[in-house]
Amino acid sequence: MSKIPVGILGATGMVGQNYIALLAGHPWFEVKYLAASPRSAGKTYGEAAAGRWHLRRGYEAALIDGITVQDANDVGAAAAAEKRGELAFVFSALEMDKDAILGLEESYAAAGIPVVSNASANRWTPDVPMLIPEVNAAHTDLIPLQQKARGWTKGFIVVKPNCSIQSYMMPVWALLQAGYEVKRLIATTMQAVSGAGFPGVPSLDVIDNVVPFIGGEEEKSEKEPLKILGAVEGGLIRNAAGPLISAHCNRVPVSDGHTATVSLEFGAKKPSVEQVKEVWRNFRALPQELGLPFAPTQPIIVREEANRPQPGKDRDADKSMAVSVGRVRACPVFDIRFVGLSHNTIRGAAGGGILNAELLKAKGFLG
Amino acid sequence: MSKIPVGILGATGMVGQNYIALLAGHPWFEVKYLAASPRSAGKTYGEAAAGRWHLRRGYEAALIDGITVQDANDVGAAAAAEKRGELAFVFSALEMDKDAILGLEESYAAAGIPVVSNASANRWTPDVPMLIPEVNAAHTDLIPLQQKARGWTKGFIVVKPNCSIQSYMMPVWALLQAGYEVKRLIATTMQAVSGAGFPGVPSLDVIDNVVPFIGGEEEKSEKEPLKILGAVEGGLIRNAAGPLISAHCNRVPVSDGHTATVSLEFGAKKPSVEQVKEVWRNFRALPQELGLPFAPTQPIIVREEANRPQPGKDRDADKSMAVSVGRVRACPVFDIRFVGLSHNTIRGAAGGGILNAELLKAKGFLG
Amino acid sequence: MSKIPVGILGATGMVGQNYIALLAGHPWFEVKYLAASPRSAGKTYGEAAAGRWHLRRGYEAALIDGITVQDANDVGAAAAAEKRGELAFVFSALEMDKDAILGLEESYAAAGIPVVSNASANRWTPDVPMLIPEVNAAHTDLIPLQQKARGWTKGFIVVKPNCSIQSYMMPVWALLQAGYEVKRLIATTMQAVSGAGFPGVPSLDVIDNVVPFIGGEEEKSEKEPLKILGAVEGGLIRNAAGPLISAHCNRVPVSDGHTATVSLEFGAKKPSVEQVKEVWRNFRALPQELGLPFAPTQPIIVREEANRPQPGKDRDADKSMAVSVGRVRACPVFDIRFVGLSHNTIRGAAGGGILNAELLKAKGFLG
Amino acid sequence: MSKIPVGILGATGMVGQNYIALLAGHPWFEVKYLAASPRSAGKTYGEAAAGRWHLRRGYEAALIDGITVQDANDVGAAAAAEKRGELAFVFSALEMDKDAILGLEESYAAAGIPVVSNASANRWTPDVPMLIPEVNAAHTDLIPLQQKARGWTKGFIVVKPNCSIQSYMMPVWALLQAGYEVKRLIATTMQAVSGAGFPGVPSLDVIDNVVPFIGGEEEKSEKEPLKILGAVEGGLIRNAAGPLISAHCNRVPVSDGHTATVSLEFGAKKPSVEQVKEVWRNFRALPQELGLPFAPTQPIIVREEANRPQPGKDRDADKSMAVSVGRVRACPVFDIRFVGLSHNTIRGAAGGGILNAELLKAKGFLG
């Protein structure tokens, strides 16, 4: 069976580079279409990326370097490729201002090209699902409603949430699903610099230093979970009422991997430390059932060592797609506390986007 | 007026080196007596420390290198020096097991030599005050009771608390004193590697990594404040009932300076963000009133920038003795949240010990 | 075909852990015997290593954790395992003083167990080959002479050189082999902390710092190449006369990967920059011809970007076994200068040891 | 005596910030005039710099924040200030393209305002001296010739060399002056990220990494010494013929302080290691004789420890203005090798500029 041809919008940026690196050898998808800023358009990818490859892992140049980069603003070029059967959907890793991304992602969808977006622009568009496949795969039910409301036939938009919440969102969901209401949550994140893209954080700000502020990150961390945990209702997502979250977001001298310390307060039904670990160890969801290629076998890995998880040792667990938790113990103030960790540019960005696309493919939304 | 001759127990260790570096040019105290392990005893300090100076700042070798290092176990040598008027009191920076330190500090005190200790061994001895001079200077009232109970005349023991709580203990105290009860507190610390001494944390554990665990640190962080906030009663400290604390302690790739993110829940009387900042800006205490040499002019510095305090930029504020706070804002879960920072090896260790000695001198406890 | 059972001496140390991690799934070898210090002996590996796994990559616990660790001093236990067919040879990653290692490696060899050593103890034993398989595979000719001289039948000892020279030794050899005499060489290395093992370099020494000294490293870097380039003569290695080397060795804040800047002076026949790159690009040697599992396809990778190789981006090239070079350009003082890079704990330690064993197997020395 | 009013061009950039921080409390100079890009012009410095202070050390806001920032392109504003006696000369820390700086520095000089420049634009202007006061103070003889040739009366331009050569230029000069010809020199630098300004090097490029390339740095390192060591002849500098230099420049994860490893080849007269150290220890020059405020007491500090100098421990030696050297030893390839270190943003930038101005003042060039 031939692979599905996919495109990447923003292919020369850091998230775009991650898509290229991760999709090499993907069993279902094949990168066939690359678009970036007008400055790169018309060059081959090899020319456009020369000396500008920012990732520590490389990419399979033989598959990619010969592709001519298109102008991401030229939706017509993509539509033509789609008509020729050379493009089935796009991953959006656009780096522009919010309005430009909103407009462009809509144009692609209107032109019949599904958009699996990593950008934050459409996260709060009410009829756009914000997906973590292990948590709210059911939100794909919005897609036909979105298409109907917008008058789109094949195209649609889905997004993924911010990387800062990935290290505790799935653990919280697993507990909710097991019947333990999480009422309140105070989290402090120690986030990797790769979350800021390239050039991102100046090195003078991170050598022997911590920056206890990331613009907009705490607001996203506190609000996005409510949409993810919300219900599809009347063609929109009705946000969940809780949990109530306080997020303290910090930048630390780490390349990849966001670590979070989390204190949880439960409702009336309170699990023991052992029950929490049991819930997490046994947690499996639709991506595991469907055997999606990027789905981690065990989505939540519970570590028993006193000093784990650590970004240096645990970020790459199970294709860098698993969430690692550890130090699960009683909290003197709330009920339970723990440390969570996930790979921010893989699970939290391009890898999460690919898993979203795999879910959509498995559910029949990508033709 | 001639200076008071002081000794340092554990003079070759990292805390001992900090005492030596910080006491150069002190207006009241002069280092005259150095003691360390038997391995160093008998050598001059210059010989014992050659190639083993671990601090980034240097020390005044001309004043120190010629002193012959004594065996710290040889209390008699110290007692003889005290009799000759060459030693008035000692800073204890001993690095031994807890029982050995307990015994040795008591022996020095019994021999008539006050011990201003940086070690943790005596922190929970009920009649030993654990001092932060801006917070509980009144706990020095225990000293005569301690001396009486032990049958000591001139000698006594005081200690300082752990470095991990220094970035929020003084801010919490200032609020309590202003009439705002702090009921509960969840703090996450991002601690510098110098807190572990030398050799301390292996470099393989901190390059591009975070270690979310420091042995014993969370317990100390949760319990020590209750003694510091306690009351002198019947010759002992009766611990305070609150605040209830949950501490998440992490090691990050920073050389000096512990940063903490803190969420506070108040009692019935809740200050606004502006009131909190006002309380902190105006906070002054006995060390400031007495004009102690190591006392910061403004003990709590409130920063208004969005991204401060940072260890790299703020740890050295006001002789590295001020606590810097910032990002004071409402907490969605509790009432107020903020970021606190203090220099762990100065305010949190040797500098704090020197301030304790200055307080004791000003109160007449050091002759 | 069943795999060859191998042992690891020093299995709980950092080099031993690297052997365990790298040998998982090896097509020829299978770890069956683990030995360490008396403290670990008698425990299962899972017990002995619990909380003491220092590598960023993990290991296949299912294959290893159940093995009972032997006392590395108990050669008889190994000899018995060899008799039972459960041990064909050992990788020595012993961490002891030099004399102890010398004695112990000889005892294993005398007991009929070949020793493929990573330790430095036997590097200057005249009849022990110091192997880089791409450079001096012919030195295995010494093995029968060594066995005869010592009266050993099956056992023997081979070693590998220091990690600090690996980033330029193979490039120099490729040029020599192409007929360009390298007369003099000045190299400055920027070495990763993992080269010092665990706990190794204290973090206080590497955060925001460079340490321009590594004990014994410059001497090894200057002398070992002369043995590697030497000739087998009369049952010993006669050292080569050149090149004359000056090595400046530095420790930098990097986890893995040694980088070297190198200036080369040639003899009368001087290659152009293009000829040097051509020689390196085309260099292949016996491990490539034999298709050894750990042999890199292209042993020297020539990078054309202005700012490569970099340890973060290039250390893992081709199973972390390739040497990456770049910035090949004219030297104003000598003839040619370049930057070389290799992975110090893989190519420069355990991976290099495995490649040595593969070479020995292919040549029939391992039964 | 009232202080000399000075201006800073480029006052909001990182070098400009260093001038502001270092000039606080200067005994001769007082910052009275600040100029920056049109974007900052018209604001007070406090407004322009809010949230954009990049240095780890702070500045005396009370003295500076109220000054209204001028447009650096508006030379007329500076000329008017000079006429009012409010500006005697400027430090140029302009960050523009080379041609713009060339034109602007000439305009200031033509308007009667001496320019003490940190920019590289005028380094190769033949009648502009490139000064290290301990090395070529005599090059100030060019100033009257420069003024005459340009038709300037009070104004003139002097520059300082690149930061990368400061850790070995003064040691080399001391040897030359002692009668030891240095014929050839191979140096490898490990340079701090602050040398690239702000935002400068992206953090993703320095965490756990080395970048073995800095654009243009090797060329500057190899050529600038020849002008500095040149002779004033016919109104220009005639470059020295040697030494011949090969520089390998690398960026390492260090905030401040450039470290260099250096191998030196002497002419016929070759000093011993002890003689080299003696020459360096005894080296004093005009800034020391004149007692210039920023002159280090001992310009070259010779360290005897095995592992020094280190940027973390030695960059701040003697007001961060001394060069520290160590590991002076025989070189197997050349004659002598050593490690040199200097603070790149102080001795190598703003501090060096201030020392230049002090020299000019002492010689009567600043009125």
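We just call them A, B, C and D in the order they show up, numbering each chain from 1.
By our rule, a residue touches a chain if its C-beta (ideal position, glycine included) is under 8 Å from a C-beta of that chain, and two chains touch if they have at least 3 such contacts.
Not measured: the values here are computed from a predicted model.
Put simply, the chain farthest from subunit C by mean CA position is B.
When the C-beta pairs in contact are tallied for B-D and for A-D, the bigger tally goes to A-D. The mean-CA centres of subunit A and subunit D are about 47 angstrom from one another, to the nearest whole unit. Computed centre separation for the pair subunit B/subunit D is 40 angstrom, with centres defined by C-alpha atoms.
Within subunit B, the positions touching two or more other chains are listed as 205, 207-208, 253-255, 306-307, 312-313. Those residues of subunit C that touch subunit B in the complex are listed here as 54, 193-194, 198-208, 253-255. Residue ranges of subunit C in contact with subunit D, taken from their complex: 184-186, 188, 190, 205, 207-213, 215, 222, 244-246, 248, 250, 252-255, 259, 261, 263, 306-313, 326-327, 331-334, 337, 339.
Of all residues in subunit D, those touching subunit B in their complex are 50-51, 55-58, 207-208, 255, 305-307, 312-313, 316.
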